[in-house]
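The block underneath contains the structure these notes are about, expressed in structure tokens.
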Amino acid sequence: MSRITKKILSNYASDNPGVLTNLYRLLEHGRLGGTGKLVILPVDQGFEHGPARSFAPNPAGYDPNYHFETAIKAGLSAYAAPLGFLEAGAAEFAGQIPLILKANNHDVLQDEKDPLGALTASVDDALRLGCVGIGYTIYPGTADRASLYEQLAELAAEAKSGGLLVVVWSYPRGGGLTKEGETALDVCAYAAQIAAQLGAHIIKVKLPTDHLEQPEAKKVYEKYAVPRATLAERVRHVVQSAFNGKRVVIFSGGAKKDDENAVYDEARAIRDGGGFGSIIGRNSFQRPQEDALKMLDTIIKIYKGQLE
Amino acid sequence: MSRITKKILSNYASDNPGVLTNLYRLLEHGRLGGTGKLVILPVDQGFEHGPARSFAPNPAGYDPNYHFETAIKAGLSAYAAPLGFLEAGAAEFAGQIPLILKANNHDVLQDEKDPLGALTASVDDALRLGCVGIGYTIYPGTADRASLYEQLAELAAEAKSGGLLVVVWSYPRGGGLTKEGETALDVCAYAAQIAAQLGAHIIKVKLPTDHLEQPEAKKVYEKYAVPRATLAERVRHVVQSAFNGKRVVIFSGGAKKDDENAVYDEARAIRDGGGFGSIIGRNSFQRPQEDALKMLDTIIKIYKGQLE
Amino acid sequence: MSRITKKILSNYASDNPGVLTNLYRLLEHGRLGGTGKLVILPVDQGFEHGPARSFAPNPAGYDPNYHFETAIKAGLSAYAAPLGFLEAGAAEFAGQIPLILKANNHDVLQDEKDPLGALTASVDDALRLGCVGIGYTIYPGTADRASLYEQLAELAAEAKSGGLLVVVWSYPRGGGLTKEGETALDVCAYAAQIAAQLGAHIIKVKLPTDHLEQPEAKKVYEKYAVPRATLAERVRHVVQSAFNGKRVVIFSGGAKKDDENAVYDEARAIRDGGGFGSIIGRNSFQRPQEDALKMLDTIIKIYKGQLE
Amino acid sequence: MSRITKKILSNYASDNPGVLTNLYRLLEHGRLGGTGKLVILPVDQGFEHGPARSFAPNPAGYDPNYHFETAIKAGLSAYAAPLGFLEAGAAEFAGQIPLILKANNHDVLQDEKDPLGALTASVDDALRLGCVGIGYTIYPGTADRASLYEQLAELAAEAKSGGLLVVVWSYPRGGGLTKEGETALDVCAYAAQIAAQLGAHIIKVKLPTDHLEQPEAKKVYEKYAVPRATLAERVRHVVQSAFNGKRVVIFSGGAKKDDENAVYDEARAIRDGGGFGSIIGRNSFQRPQEDALKMLDTIIKIYKGQLE
Amino acid sequence: MSRITKKILSNYASDNPGVLTNLYRLLEHGRLGGTGKLVILPVDQGFEHGPARSFAPNPAGYDPNYHFETAIKAGLSAYAAPLGFLEAGAAEFAGQIPLILKANNHDVLQDEKDPLGALTASVDDALRLGCVGIGYTIYPGTADRASLYEQLAELAAEAKSGGLLVVVWSYPRGGGLTKEGETALDVCAYAAQIAAQLGAHIIKVKLPTDHLEQPEAKKVYEKYAVPRATLAERVRHVVQSAFNGKRVVIFSGGAKKDDENAVYDEARAIRDGGGFGSIIGRNSFQRPQEDALKMLDTIIKIYKGQLE
């Protein structure tokens, strides 16, 4: 075990050996194994946005095997997807890549201010498919967030007792926030804190802007001059908000960017701000595989410090 | 086992031998056994539309035995019905035709924009009646679809652990869609994707029109010129949207058509587009049995390639 | 066992021997034993309408023992009541009359367009009280009917597995129907079909009028000229709608009629239309016992064919 | 066992020996033991109205021990209170007075037309505290009464199976009733009937006025001239409505009356109307203990017939 | 065991030895051990108010270890926090300080008149982390308080059966109260009473003002001249309202006060009014640790009577 993996594991000392084992598997897998950094491939957009919006740009992506292959070929840390996509390849690719079962999902067939999501898979599903963890999305800021937190709390307890990692997608949404507020620094930091307090092992948030949404929070950020001018500073604040860096926080890439340099700049900011890595979906699978592998290779090199 | 059955089974390699056994039974049964194609008789209209609207055109259909007999005589792949209809004949016709227990149902005694349905039978019911699988209808697009997805997720997990197939009727409905949108190509494809991601083994959708409902999806279909001029092309896109053909997708026949040629044209399009077959209710049981058997014989021949 | 009891039992061949045993007990009990006809005494009006409205006309009815005695003295097929009334006499009259525990109830202390009812007793209650079955009321047409169907489905599964009969009161109600529509022929037939599909062994509906409520159904009744001029014809259609007579359908008597001949005419129509009998509450217990016994004697004779 | 206790127990012959044992304990305890009459001390007003409104008039009542002592010193039949009050003294006074755990409670910190109450204790709590029974309040007439009935039905089944008595406070309330209607004779009688049908062993209602609330019921009361001029006649009708006196019905005293003679008049009417006794809270604990003991002594003598 | 600890334990005589053991551990731990007084450090503001509003004033507080260290160094009675914060340090600091797992939490990402909170941890979590008890917040006065009471009742029963203490934060809120009413004397006393009746071992309320909120209560306070002029008198009334001091009641410090003397004055009033101590969050962790330790030392000395 690398020194840095050992240090990260020590932050989870209250967890049982089953959880620590799966955290080890995740941190030591792939080209970033042992560096304390992660790049994860998530493919839940077929459910979240619809199949054509997700896969028409690169139709190979309709096939579930394609994503297993991309993750394996690129040497990524893990592959995360809903039940159906994992069931379709879990036997064929058994053991070749750590799997995270995305346990709740939401579609966009009805326009909603306060998305709720549905629990579409279980801890038993994750165990029978050989996963290292389960994923769950909470929407802090929505009217029914309490029921999401409760569902996650039950799921997480069951997952931990089964030795699985709990990965929480924490996406502020809902009637209490402006559109701009969903990625505001105070709100992203709050979302990371909530996920951490709910017992998440790994937290996924969006990259924050320098907007401040909540008036009471704004006063405090300004009074204490919390640094937030650069993306790296904002990443640092979010990581700080997740137990001062004692919880693994990774950042999502968002919509596909035609200019790969934008993606690389984000990776550099995450690295420089002390983030633990990226979770990159559309920017991976909406490119032809060759381009995607090249892009992922560059990102990995940035995280390994092999590229400025 | 036929080569093609073997190939289809390989797409379900993560499933347990119990599920594979029942999938084998379904794919190898009847006149289409071993061809990779299915024709299923569903009779839930007594519950969904009322008894007279369903059976007055051919009163023999009031009797539950009639439908078992039709399915057996026609050499169909399976018979699907609600609890009551299956209980009425399961002992008498035990083993003669694969049975699918339709586990939720909905009546039309109140006009609703967002149908919900009720869980009217259980996995234990399916097991005690000797079924090969359970059927469940989701209504993507309705306000409470999340609770349907969750109910299906629990039911499916229990069914799989009992070795049963999970057959999902995926019918877009509800306040978020126009009437035309319920059969729009983008919406049908989305419905197939959702069912697949929820872990369905077999997916039943309606035949799509070339309408595109969702503005964000429309842009993508047009930008990437997804072929959709012919019904066969649209079938192909829906099959692609169900894990690139790695999940069995069948299509429903809809209301009774007086002209049988229309039914045959649909079967040809399903075949030519790579669909896995038909589920034909009213077009079967609302005709006199002799006529129905003749029509089903023709459809089977189309699927077997014995007729153009 | 009479030939006709044997024939009826054969329609329930998928049920376990425990259920068949209780169906036998019901069909072979009392003066109509072995005739395939049933007359049941139901007394749930104390809960449904209030005690004085139910029992002031004949105050002996306040006492739970009175109804056991009436049912036994009249040689009826069974006595059906809520938990409290059965608990009050089940030990004293143990074994002397088949009991049906009415498992849900509804009061009229608040005016409601869509009655819901409450589950007030359980399968375990029915078993510890020595009942042959449980009764449950559904209200097809109400907004929350799906939750009723689901509650019934769970209760019925548990009852069957405990060897108990499932008797469903199917009473159309709610915002989707006109007052006249609650007893319309199409609606009554639909209510019988739903109960049958939900797995009821015995179905209780109201006697239908010749009104047709649902426009789509009306077209079909008229196109196919479903006979509905006489009450006997309408009874026949309802029985047909309950699996072509393969499920036992009985009819309720409604409010107390001062003229007993009206009650007898209904019994004749039920008999002539192929119905399986009557469930007669207020017309029994709101008369002095002597009058009630005389009236029930006449009805039994009508069903036995000893009276025209 | 006294003859009258034996007779009352015979009305509960369907209950198990555990329940009969606790009913015996209750009926044979205290100064009214063996008379078939009960006087119970209930102290849930701290929760229902707030501590100062309940105990400021006699601050000794803030202390939970005080109420155990009053009930014991007065030789009452039982003491009923919420979880906290019972936990505070159950060990110290173990066995000295039959205890009834009030299992649901409601506060007045928000004004509500349709009170709901919360289940604040369980059958297991009652068993571990050595209680003879559990108490539960239903509010017939409220919008959500069905959920109360269902909660009671489950609780009662569990209680009975644990050998505990089920005591139901049946208090009509809610949007369907006028304020005057809450104590109307027809409504009180209906409330008693509902509790009895739900399987209550002991029913607590308020003393009824001669008002008649429900138009349909009013017609019947007038047509059949149900006696209701005196309080004793009204008590008699309520007792009749609880299975013709085969269920124990007791009456609550209501708000504290400065004139003790009014309390005594009520006790006489309960006795003369065939009621089974009183449940007296505020009139007991809001007086100094000496006064309360004197008042309770007089009431007991009235019930024993030692005083006119 | 000190005499005073023994006396307090005697008030919980109905509890099992497991609970008594944990109550002993709490009362005998730290510098106030054996005095019957408690000072507890609660840190749930990261969840309740957001991370920057909580920790930016003293950024050391972002780190979960910091709070364990503060509580240990100050010799406090216990440390209370949500799941995530406890998981982060429970192994490293195992046994050094009694832990209370705050089992429900609420964020402020949506403005709500009637906060509900989410159950974010379980009794099993508390047991696996070595806690002495669980904490739960109720909001008397909110529309859905009944569901909170029910959730607490279930949680408390499970906690007690696992030998854990039940600590209830009772915070009046919601549409039924004015802002001023949330800390009114009558309302605080009512909140303490409700928590006690729900079976809380330890109750945390806010310090009350002399405002009286509820008209019916106001009349009583004035009629009986309940003393309320000084804070100590008001503390005394709240303690009286929690079973006449037979339940441990502690008071929260509220928002950070720049003037430490205000904090000390509150501690004196709590001591002089017979309160059992303080729960001090923001006033502890929003100061530099050295200042916080000094302030806590002074408070402890006030409670020990070493300082006037």
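Here the chain labels run A, B, C, D and E in written order, and each chain numbers its own residues starting at 1.
Methods note: contacts are C-beta pairs under 8 Å (C-beta built on N, C-alpha and C of every residue); 3 or more make two chains touch, one makes a residue touch a chain.
As the structure is a prediction and not an experimental result, all values here were calculated from the model.
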Joint neighbours of chain D and chain A, given as chain labels: E
Superposition of chain B upon chain D: rotation angle, C-alpha, nearest 5 degrees: 145
Computed distance of Cα centres, chain E from chain A, in Å: 36
Multi-partner residues of chain C (each touching 2 or more other chains): none
Contact set on chain C toward chain B in their complex: 11-15, 140-143, 145-150, 153-154, 157, 172, 174-177, 186-187, 189-190, 192-194, 196-200, 214, 216-217, 220-221, 223-224, 226, 237, 240-241, 243-244, 246-247
List of chain E residues in touch with chain A within their complex: 44, 46-47, 49-53, 56-57, 59, 62-64, 82-92, 105-111, 116-122, 124-125, 129
